[in-house]
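First chain written, first letter: the chains are A, B, C and D, and each begins at residue 1.
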Amino acid sequence: MIHNIPYLAAVALAIIGLYAVLFKRNLIKIAIGISILESGVNLFLITLGYRENAVAPIYTNLPEGTSIPEGMTLPVPQALTLTSIVIGVAVLALILSFAVKIYQHYGTLDSREVRGLRK
Amino acid sequence: MSEPSKIVKTIASIIFPFTMVFGIYVILHGHLTPGGGFQGGAIVASGIVLLLVAFGSAEIAKRVKESHLSILESAGALCFISLAFLGLFKTFFYNFLAGSNFIFGRIPPFGSNPGDMNTGGVLPLMNMSVGLKVIAGLSAIVLVLSLFARSRKQKKR
Amino acid sequence: MSYVLLHAPALLIAIPLFAAFLTPIIDRFSKRARNIFVLAVLIIEEILMIIFAWDVFTNGIHIYTMGAPNPTSTVPLQSAVPVRIVLEVDGMSAFMGLISTTVSLAAGFYSIAFVRKETGQGRYYTLLLLMLVGMLGMEFTGDMFNLFVFFEILSIASAALVAYRSYYGDAVEGAFKYLIISSIAGPMVLFAVALLYGEYGVLNIAALAKAMNSTTLDMIALVLLISAFAMKCGAVPMHFWVPDSYTVAPASITAMLVVASQASLYALFRICFTLYGNTPYVATSGAILILFGLLSMFIGVTMAIPQKDIKRLMSYHAISQTGYMLLGVGAGLCLLGNPDFSTYGMAAMEGGIFHIFNHALYKGLLFLTAGAIFYKTKTRNLNEIRGLAHSMKFTTIFFLIGAFSIAGLPPFNGFASKLLIYESVYHVNPILSIIAMLVSILTLASFMKVFHSAFMGPAMKDVEKGEVPKSMLFGMIVLTAGIILFSVAPGWVVNHIVHPAAQSLANQSAYIQAVMGD
Amino acid sequence: MLRTPGGYWDPVIWLLAFVVAILIVYIIRAFGRSDYKGGEQTKPFLSGMEVPNEDALHVKAGNIYWGFMRALEGYYDVLRRGHTGIINDYVAWFVGISAILFVVFLILGVI
């Protein structure tokens, strides 16, 4: 049971993020929701690569007596997570700059009023 | 918004060099320890954000131009892709420096070791170029966003 | 030559990536040099892609392993599975690559005059090239995670370009909606990739397809992948972002966005056919694609009829035409493994895939003509424009060719692909082909509305006379030439380009064998 | 020539047929009186009322297919209500469709 907690946390984070995107009307809060959703997926990826009592998969100053590679965590999910974080940073920066521009043009951040394109 | 107090400015000036050194350490040792181009670049950029908070975006924008940062960013990306192109005599992204006894060319020992800077082939070089790109890119993002907010405030007045 | 062909998959992605970051540096010295540089890169891409695609169509799948001592050594010595980053180009990938490079070439030429008066053109061309990188990457990759990475590169570059004219409030709004939608779809794709990785420990599509054993987790991953990519290709009822972002983007970018959506469509097909090709979910996913296709066709076209904004009208047609592709290929997916597949299933897939290329050509052309109208009149509202045929003769001709082609009037290429779809889908269910024909008629009706209100009638008084600049005309000529070529020789095109693509999509074992060896 | 499951399609033959049809039309036209130059009969006729100028005759885009839209008013009302333009709704549709697909696959997987 205790091993499943990270997975539950990942799903909980994803659901919180989706909740924010679905029900919060403020564009900044939507951006926060997307960020939380991404964190949930990142946590899920990291958890996939975890082994109990394992060390980081780096040879520099590896503790003596570590069995290679069984005593190490999987490096691939960590690389994937890092890539996903980088993409997340870019997306978040772009969303926030759009939000600033929208506020300049519309004078509001309410998603119900930002719909000049309807019809 | 009132001007940050003298304490903030002094502490920021003291911490800034340490942030720089730590960030550059993380970039340079990316192939040996946890970290690498993106992480180190983010640390350096956070140092620049610290200055931005302490001294205000107008002060920073006078010294660092956004256009210069974007040139730096392109240069970092170009270095990265050029390194990938240099491996093209075998395959794209081929690590042509590893094991060549040239710069970063030593073969690392298998298993636990104290760490040797002179290994990794093109990886440290790629880390550096990614670090350059991330420093420039993240700083430019923060700078532009803060200038955005400032220009709005002026319009309101 | 063989050296270039060997490295072509990597070069096709790397050259525009390199050029994208070189563009802002050249831009500092000379605007003219930058334009010539970007066009040169796009032309090189087009030529390289044609040569490479021809090789793929005749000689089969190309494999490229990044960073390996040898491009074809996919599986390392000590390992049983591919651990390196593998590019895998089969007929379908090459076909999609051909579409992407052709439309980017047209959009590149068109942009020269179209954005001449804007600021920040260096960034515009950087992002244009990055869009090409994202599309080609999505189409060439043989790796689930890189599919996600290129998907996100494509989304970010497109969103930034949609907001290019950010002095219009609605441009930023459209870009914001596009970006939120893609950044919801992105983590969902990543979640599915993580589920597959957690289960099988590999990311390579071929290795995953070989190991696939249809557990509940695989089913969840399939659901997430289908819904995310269906949303990004604009299938009804997840199409709401399409009109919003297509309308406000600069016209050249809208033409690119059509192809970007088709890259997601390609990912959808690749996942259904190759990744989940031998699971029991095939027939169900085929039925779902057909359902998406029907909804998209009908709701897309009926929403297009009352529109007053010319580009919004055309973007609803983009949704509607995507429905044809989903219908044709979905019918093929339904029949996969059936004895009927070799006759009707294959024809349905050929129709759907042929329609992808046709759609990119004529919809790209129509969006470019809409941009030409906007360039002259500074409005997209159909109520305010009329009589443009008096001064813009070439644009009128291009518009008519595009409109006849999208409506499926003989002898244009739209008719050839629609004919294949009508005939073959009729054997799945006659209702499907009746609806497809009805949608075609409604398409013609709504384009006659555009033609009547924009080009017919007395000339506008406050619009300067004359045709749009030459570079814009040349961009349209590139696409028109493609339409005419495909119209005159549909049989040759289907036999030599479309058939290998459909064949490679249906042939899952060849895709796996190319990477895994045995 | 494109072979389809039920037949074939060749644009060249179609174009030839088109040219032949145009030739026939031209021949029939040639039977007409060549000295006819138009007059009262070629003018627009509006139930005897005065014909307005060209600008007013042009039908605007908003008025084309007015009857079609009027006839399908209920259908268009439903569609218009769906297109709210709120970003939250766009995401809600995505989540809803994912849930429906999940249920569909679950049911078909059990059977």
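FYI, contacts are C-beta pairs under 8 Å (C-beta built on N, C-alpha and C of every residue); 3 or more make two chains touch, one makes a residue touch a chain.
Quantities reported herein were computed from a predicted structural model and do not represent experimental measurements.
Student: Farthest chain from chain B, going by the mean of C-alpha atoms per chain?
Tutor: It is D whose centre lies farthest from that of chain B.
Student: Select, from A-D and A-C, the pair of chains that is joined by more C-beta pairs in contact.
Tutor: Top pair by contacting C-beta pairs is A-C.
Student: Measuring centre to centre with CA averages, how many angstrom lie between chain B and chain D?
Tutor: Centre separation, chain B to chain D: 56 Å.
Student: Measuring from the mean C-alpha position of chain A to the mean C-alpha position of chain D, what distance in angstrom results?
Tutor: Taking the average C-alpha coordinate of chain A and of chain D, the gap between them is 46 Å.
Student: Compute the distance, rounded to whole Å, between the mean C-alpha positions of chain A and chain C.
Tutor: That gives a centre separation of 28 Å.
Student: Distance between chain B and chain C based on Cα centroids, please, to the nearest Å.
Tutor: 35
Student: Provide the list of chain D residues touching at least two other chains, using ranges where the numbers run on.
Tutor: Counting only residues that touch two or more other chains, chain D contributes 83, 85, 87, 91.
Student: Which positions in chain C are in touch with at least two other chains?
Tutor: Residues 176, 180, 184, 244, 308 of chain C each touch two or more of the other chains.
Student: Residue numbers in chain A touching 2 or more other chains?
Tutor: 18, 21, 27, 30, 101, 114-115, 117, 119
Student: Hey, how would you classify the chain contact layout here, line, ring, star, complete or other?
Tutor: The chain contacts form none of line, ring, star or complete graph.
Student: Where on chain D does chain C make contact in their complex?
Tutor: 1-7, 9-12, 14-15, 18, 54-55, 57-62, 64-65, 68-69, 72, 75-76, 79, 82-83, 85, 87, 89-91, 93-94, 97-98, 101-102, 104-106, 108-109
Student: Enumerate the contact residues on chain A facing chain C in the complex.
Tutor: Those residues of chain A that touch chain C are 14, 18, 21, 27, 30, 34, 37-38, 40-41, 44-45, 48, 76-77, 80, 83-84, 87, 90-91, 94-95, 98-99, 101-102, 105-106, 114-117, 119.
Student: Name, in rising order, each residue of chain A that touches chain D in their complex.
Tutor: Checking each residue of chain A against chain D gives 18, 21-25, 27, 30, 111-112, 114-115, 117-119.
Student: Can you name the residues of chain C that touch chain B in the complex?
Tutor: Against chain B, the touching part of chain C is residues 7, 10-11, 14, 17-18, 21-22, 24-25, 28, 64-71, 85.
Student: Which positions of chain C touch chain A when the two form their complex?
Tutor: Residue list for chain C touching chain A: 145, 148-149, 152, 155-156, 159-160, 163, 166, 169-170, 172-176, 179-180, 183-184, 186-187, 190-191, 193-194, 197-198, 203, 243-244, 247-248, 307-308.
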